[in-house]
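Think of it as A, B and C in the order they're written, each chain with its own count starting at 1.
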């Protein structure tokens, strides 16, 4: 996106006021202990409990396909547009491309996000692109790119996973040929606690080393072929923890599939009844 | 991955032979599946940098230099210094990098590096703090790809580790605080510097899936045979980042076996790197492009 | 309708892939099974004793022109050597985003190629039927109208009135009776939308 020079950003020295609140004086360990007490998380979930998902297609009228996902408080809009020529490309390529743009809305996080894509958003876009490229039949549109945009309206953790799941639904509802349905899930690990579908605080706290083992794991799986289309992990984890988390996350991803299926069937039925 | 996939390959027969040989645990250049190609490493090659290294892995050539500057820490993390990676894909390396051609690869590499170094267990940024909330050291790690011959992730991670190992941070003699002014006095003696602790610095291993077997350090022909690769960043036997390159998907079991292979190879790589770095003496007479 | 619509989603396994079942539009086969590619309705077409499984998306399908497709295009620019046009439909599918295409002088007619004049064959704004040639360039589709059934389908005269074909090479304005040269297509609906017509008649008989 071109840089908007006319937009005046807040002075660089501005900081979110939350840094000065009482919560910030607590040590990280205390904060984490507050986040999970007696095996129950702040929002009353068990560690292995996924938040409820709401999925809807066709919410962006101008897009070829679109989907809106709500996962707890995390809200993401994804839209897919018709294939278009790949800009700045002159040679012939057999497989089409997927262009992903993942963006946090400026007001979606506690800290204000800038108008331009920052490095985290770029990284998320790259992860999304790789996850989706494995499921889309790219040989069906050689020389073209399909644009996928994801906008996070509210980030309450697991935004990337929600975006990948929703993008899969948007692609399918746009009639883009796909090998499979894709679902994604996040796991936040800190010491012996593994929290599925973490909210914003849990995700943040798991990225900081409070215990020796910590980290965030994102898994994207295709439903029929049971293939890992993308796996991303950060932090510091042992091999055993990771292999275990692959299995458990895989199961979680499977649990999301019926939601996606139901949503897609609904969208097919609504189109049939219209015509 | 990005570049090599567009590279023209030699004939299909050669690829088929590669395929066949890999299932027999012998590769086209005589290596076994878990073997690396020979590497050459030099440190202290850039005189203006605080630490530098150059790595040559077969045809891949990487030059890494570390620059240090004084900066203010992030308000959210007042106790930590800063570490940033910049990858420059020079058009010298391959013509595809011309213009903005290498940008995607550069972003992928620097993202992977920064997420691998993010954990405190891996690299302790608190050591880079000069004064809480006010001043800290900022390390700029500039990675220059001089030649691309496959397996960039591994080469870059080794070179970065060696460069950080080589980095010397000036010692601070005194800090004068006068209201909002902070005056830092750096030790005059250029030889009294502190070295960074890089024992936890991660090494990345790219595990390539060919057929149903996994290999490390693929050459160009092998990268063509492969549908996808897993990059495993390993620090002190723990995995600090996993990412995928290419567009292929993996079966969970294959994926796990890739991780196991990656971790064991990384450990061996780590040992030999520490050994090699240990052999380098200070002020050894080596130069760039010797 | 007795037959209920069978809805399937991408990645859904439809049947075995063997001598009597093959994959058609909207499906792919992998390891001996046929899977669906898109979300839509399953359709079984029987041809030469072989069941071809197809999945049809009820909404707008996402397709791009491929070699051999008959497309509907609108002429935008004409020059001495070629004319530029925009592809608007592929077969019976209407596109939302139009694709750029080029129709070279020598691809306009099948015979007497050296005597072809671009400006005597097309005018900007004409709607033509054309076939997609093998794709050689990244951003340009090459079209050909070197068939009797291909060429101008809809055209308007200089004064903006519709024209009707009067010969292979001429069309006449219905208001002013002015004749204008065109490379006229011999419109045979069955030839162009063969399977569409078949399907339409099928559904109407059922209803």
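Just so it is clear, a contact is a pair of C-beta atoms (placed from the backbone, for glycine too) under 8 Å apart; a residue touches a chain by one contact, two chains touch by 3 or more.
What you see is a predicted model; the values in this text were computed from it and never measured.
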item: Chain whose Cα centroid lies nearest the overall Cα centroid; value: A
item: Most distant chain from subunit C, judged by the mean position of its C-alpha atoms; value: B
item: Mean-CA-position distance for subunit C and subunit A (Å); value: 39
item: Chain centre separation (subunit B, subunit C; CA means) in Å; value: 52
item: Computed distance of Cα centres, subunit B from subunit A, in Å; value: 27
item: Numbers and ranges of subunit B residues touching at least 2 other chains; value: none
item: Contacts with 2+ other chains: residues of subunit C; value: none
item: Subunit A: positions in contact with at least two other chains; value: 135, 222, 225
item: Of all residues in subunit A, those that touch subunit C in their complex; value: 64, 81-86, 89-93, 135, 137, 140-144, 146, 172-181, 222-225, 261, 264-265, 267-269, 271-272, 275
item: Touching residues on subunit C, where the partner in the complex is subunit A; value: 5, 7, 9-13, 26, 28, 30, 35, 37-41, 57-64, 95-97, 100, 135-139
item: Interfacial residue positions of subunit B with respect to subunit A in the complex; value: 75-76, 107-108, 111, 114-116, 118-122, 230, 235, 237-245, 247-252, 255-256, 259-260, 263
item: Parts of subunit A lying in touch with subunit B, wherever the complex brings them together; value: 15, 19, 119, 122-123, 126, 130, 133-135, 207-209, 212-215, 222, 225-239, 242-243, 246-247, 250
